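In what follows, chain A forms one complex with chain B and a second complex with chain C.
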Partner chain A sequence: MTSKKLSVTLSKYAFLAPYMLLFVAFVVAPLVYGFVLSFLRWESMSPLPPEFIGLENYAKALLEDEYFWRAMKATFIFTILSLPLTIVVAMGLALGLVSVKNRSGLYRAAVYFPTLVNVAVVGIIWRWFYSTEFGLFNYFLESPLAAFFGLGPLAWLTSVDTAMPSVVLMNLWWHVGAPAIILMAGLFQIPTQYYEAATIDGAGAWHRFWHITIPQLKPVLLFVIIMNIIRSFQVFGQTYILTPTGGPELTTRVIVQYIYETAFESYRMGYASAMSWILFAIIAVVSIIQFRAMRSN
Partner chain B sequence: MQNKGAWKYEAIMAAVAVIFLTPIFFLLITAFKSEGEVLNLENIFPEEWTTSNFDQILGSAEEIPIWRWFMNSLFISSSITMLVLLVSSLSAYALVRLAPPGNRVLFSIIIGTMMVPGQILLVPMYLILNELGWIDTPMALIFPAGANAFGTFLLCQFFRGIPKDLEEAAHIDGCGLWGTYVHVILPLSKPVLATLGIFTFVGSWNDFISPLVFLDSLSQYTLPVGIALFQTSYYTQYGKTFAASLIATFPVIVAFLMFQKHIIKGVSLTGMKD
Partner chain C sequence: MRFEKLKELPIGWIIFFSFYLVVSGFYVLKSMRTSIGDEDVIELRFWNGFTGRDGDKMTSMVKRFNAENDDIHITVQRMQWRTYYNKLFVAGQAEREPEVFISHAKSLPRFVRADFVRPIDDLINGEDGIDTSDIDEIVWESVNIGGQHVGLPIDVHPLGLYYNTKLFEEVGIVDESGKAKPPSNQTEFVSALRKLKKDRDNDGRIDQWGFMFFFFPMHIIHSWMHQFGGGTYFNEDFTECIINNAENRKALEFLVDLIHEQKLIPVPLPQDSAGWDGFKQGRVGMFLGGIFMLNDLRAVEEFDPNNKIEYAGAFTPTVGHKPAMWADSHVACISSTIDDRKAKAAWRFIKYVSDNSLEWASGGQVPVRKSVRELPAFQEMQLHVAFAEQLPYIKYYPKLPYSIEFERSFRNNTSSACLGAVTPEEALEKIQTEMNEIIARDRELYGDIEAN
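And now, the complex of A and B:
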């Protein structure tokens, strides 16, 4: 290679250098470091040096730690409740948004705006909604009209049965906007001729929905579902703000919150890293399924 | 299609819009109520509009340095936005157009890490930032955010669509690699850079977990973390917490009103990547 050519190649790498430097320092290094940490016993507040213990952290989480499984269960319940609800509501909103002729920009904005509000603010508003004594929801549920329909005040965040559904409801309002807009964009891509042909053939609205909309929307729908699962496994801010201490009987202490507490309140860095990698493995499996499913489309 | 149907959809969507904006409406209203009135739900609107909540929050800078938090958030989010726009446009230009040896492998690795959830890097990231002495400084939030792969990915996709002739013309005119980047690529990419910039700014303005973990002292907090902490100590003083929340939300409302079209368009594109 001539020195001219070499200098051109080097200057090409110079464009890449700033990003690669950050990428190595703050993505690659923590990934590798975290993996190494997960095989160590390391309490950062204790005078003992880190000690290599092999798979002990993983074994402890998976086989012994009751709280790990309770946190996994809380995360799983959040996902199971929130996924179908989010998809059905997002689909309904998307269908509404494409059907509206006037002021559609305004409706899109209204549906998406909550997503931009910070989780701390969202939590403050909804904690007030859910307050058992002074809350807005119970104010309505205590009214004679509600009593007429057999409704009464709820314990919301303070009862084992309603705490997680309350988190899910707030999350629905906060985060349904993005999937709704994405599905809406998908609906606009479906050629209108399909619907016209089906209508001429006498297909009703329900029939058209199941036999044209759903199959045509499949790739977008799949994307939205998988993204929702991945996000649900990482839920933290929502539960942390609404129930900082983990909710009644720890029913809303999700896995990321348990990892956070293990690392930054109990200072068990090795154990927290091992739990992070277990979570990562679960998310990786979901991501791989996504890639497979998308490729087959 | 049919006019009657359109009217029905419009009515439904108007009702939906009202439901979605109701919590924001209560945020606005409650911030201007006196503490006594907040708990009296008989009246939706305050009998007497008052700024006393704001006066009290802004007046107690020792306990609740809300302007300080506001400036911290503004500084951090602006720095992150500039850093992301700079480093990801440089790297995307290099990966897509300059194509140095190994660019395909690098691209795959970068995109592959988009699947890595930030939460799992929290513990090692904390220890690395601690080694660097950056814990409890804005740098702990700014530089890691620059490594976000999304910006590079988005810009790579966009740069691929820019006609090569323009760069060749610039080359003949004597522009070097840097000149082409500054005079051809960047001006043509204004819309996508705006979209990336808005998303990055709002994303970092609203980031919660990183400042919670990487910052320790009251004077260093960003708005969301400051307000979350403030909420735990003034739990039942709804008027004050709502006023603080409104201050934190105001820039987002302004940004949204200004860039609404860009934002909605950006969101609708995220499902379209293949």
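And now, the complex of A and C:
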């Protein structure tokens, strides 16, 4: 290897080093540490030393713990409700942003703005919006105009049926900006000639969207979907601020919140680690399937 | 890069960086000076969860203490209660806990178990001590864990009744002189609920309630269970949960009946602050809460002086057979890892707060020192005095190292009963099963809880 080649190789690693250092220290190391913990009974308040118990933590979570499954169910419901809604709304916004000619910067900023606000602030404001008796939403829903349309006040965060949809709605407002901007960037990448050719051939707006936009946008769309699913499985801040104690009948206590409570309120580190690894496995499997699907296209 | 002429020098940047270096250098030197410090000054860190107006009170007391004591310097850190406890425990496990910190009485057994706290019996009985007979016995007993007192309660905050005198007078709940009369027993309480519940704008929807819950009413259910003769959750040696007994059931049934049969109270839900919001807006007639809520009422008045809520404080209504109400205390604790010299300094600070607890009380607390409550300045605080009269009847939560797990199970299951998803009996049975599992695991790991 010539000295020039060597210095190129070295400089590659030198550029990577700061990131890798942080990545190993704050991602890989805790991950491995957590994996080891998941096989131990370690209650960090106990004077007893950690004890190796094999797969007991995993078995307990998967087979015995009712609350684990309730939290899993809440997480799945959040994901299932939130994903299609986010994608459809983000797509609509992206299409809108692309077609805006004047002051486009302003509109883009407006769409992205809620994402910049801290989740705690968003949560506290929305909790007030959702207040059943004295909140903003019900104030409008109680008006004669709403009654005319057959609408009435809702229980929002306080009923088993509406608690999770309420969280999803807030999440949508807060978080739709990022996917919308990414999709918008994707839309700009589609060559306009395709549309022109299709128009000449007599394709309508719907055909152009379905046969040009969607196929051309596929990689970006898949990326947005995968990131959204990962984010949805990891949902925590939104539910924790809106419903700190897990909502009516624990319908909004998601898995990350349950893990957090187990680790940092009950100090059952081993058990919490096992549940984290189960979550990690689920996210990993879902992501692999999606990446495969993406590659095959 | 070469600068041919002076003009090409990036003057702006040079000035900016010089300024930056000077300022940061100044701060580094300053912090080094304080951290090396004067050998004679004892540095103490004091953590607490007082983030509201009570926090401002406490911080100003600390400032005064620092000014009056050259040899001790206290730095305060305050956080929201919920995050506070988690941070405190993590800090303690890494042996970086603050020298002085506040804990609620109910959380003390956890701190004792983790060996974070230093008993204060030698300090309180020492030469710079406090006569413990000046503290109500029930309050002093709340910090006795396994025969040792592990902190000094600086206040006690019992549940009490806030009522809107204007609404009461409007619907005719008054005494002979025509003044609003707070309910004291079940009949009066239920009748007040009935009279206050109204559809003011005739749109077919109730928009004024006699009473509504604020978040989840565990404190109220706990109080009512005691009032109905229950309130016993565990057997004597804490080897078994026995919460599903007739008296506790009666209390929960009474509540569920008010919600679902009589429809006098809307369903209480975990994160609904409606009860308190409504009280502040004059749309809820009564509110059961801690004395610390007073700050919030004052804040509303300061924010909008025209929106004056006409309220008063009263004894918690006895809906069962005997008076009882939830209470807890903020307890000042000293870290178990510090040396005697520091512990004495920490004690001087804690005693200072206790001696000046009238000032602390004005931040929304009842002082625990009888001598302070006898002061004329305290006697002038109507709501404080009304709440303080309840002290002989207050009921703390049981002293459990697994108090968080107990609260969680209690809240989740009684909440299901209030929603009507399960019967009161099923809810209590479920708590019993869950707690017995936790007790079994706890005993396996830690052995028996010392009888307290």
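Please note the rule applied: the second predicted complex is superposed on the first by the 269 of 297 C-alpha atoms of A that agree within 3 Å, B and C clash if a C-alpha of one lies under 4 Å from a C-alpha of the other, contacts with A are read in each partner's own complex, and residues count from 1 in each chain.
Just so it is clear, contacts are C-beta pairs under 8 Å (C-beta built on N, C-alpha and C of every residue); 3 or more make two chains touch, one makes a residue touch a chain.
Bear in mind the structure is a predicted one, so any value in this text is a computation, not a measurement.
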Which of chain B and chain C A:G246 touches, first, second, both or neither: second
Chain B versus chain C as contact partner of A:W173, first or second or both or neither: first
First (chain B), second (chain C), both or neither touched by A:E43: second
Partner chain(s) touched by A:I283 [first = chain B, second = chain C, both, neither]: first
Contacts of A:Q234 with chain B and chain C, given as first, second, both or neither: first
Chain B versus chain C as contact partner of A:T132, first or second or both or neither: second
First, second, both or neither for A:F264, with chain B first and chain C second: both
Chain touching more of chain A, residue-wise (chain B, chain C): B
Touched partner set for A:N118, first chain B, second chain C, both or neither: first
Chain B versus chain C as contact partner of A:K101, first or second or both or neither: first
Chain A positions touched by chain B in one structure and by chain C in the second: 44, 127, 134, 244, 264
Footprint of chain C on chain A - complex, ascending: 43-48, 127, 131-134, 142, 153, 157-158, 160, 242-250, 261, 264-267
Interfacial residue positions of chain B with respect to chain A in the complex: 5-6, 9-10, 12-14, 16-17, 20-21, 23-24, 26-27, 30, 38-39, 41, 86-88, 90-91, 93-95, 98-101, 106, 110, 113, 115-128, 143-144, 146-147, 149, 152, 177, 181, 202, 205-206, 208-209, 213, 223-225, 227-228, 231-232, 236, 238, 241-242, 245, 248-249, 252, 255-256, 260-261, 263-264, 267-272, 274
List of chain A residues in touch with chain B within their complex: 9, 11-13, 15-16, 18-20, 22-23, 25-31, 33-34, 37, 44, 93, 96-97, 99-103, 105-114, 116-129, 134, 136, 139, 173, 177-178, 181-186, 219-220, 223-224, 230, 233-234, 236-237, 241, 244, 256, 259-260, 263-264, 269, 272-273, 276-277, 279-280, 283-284, 287, 294
Chain C residues touching chain A - in the complex, by the definition given at the top: 82, 85-86, 89-90, 93, 110, 113-114, 203, 205, 207, 209, 212, 215-216, 266-267, 269-274, 277-278, 281, 283, 402, 404-405, 408, 411-412, 415-416, 419, 421, 445-446
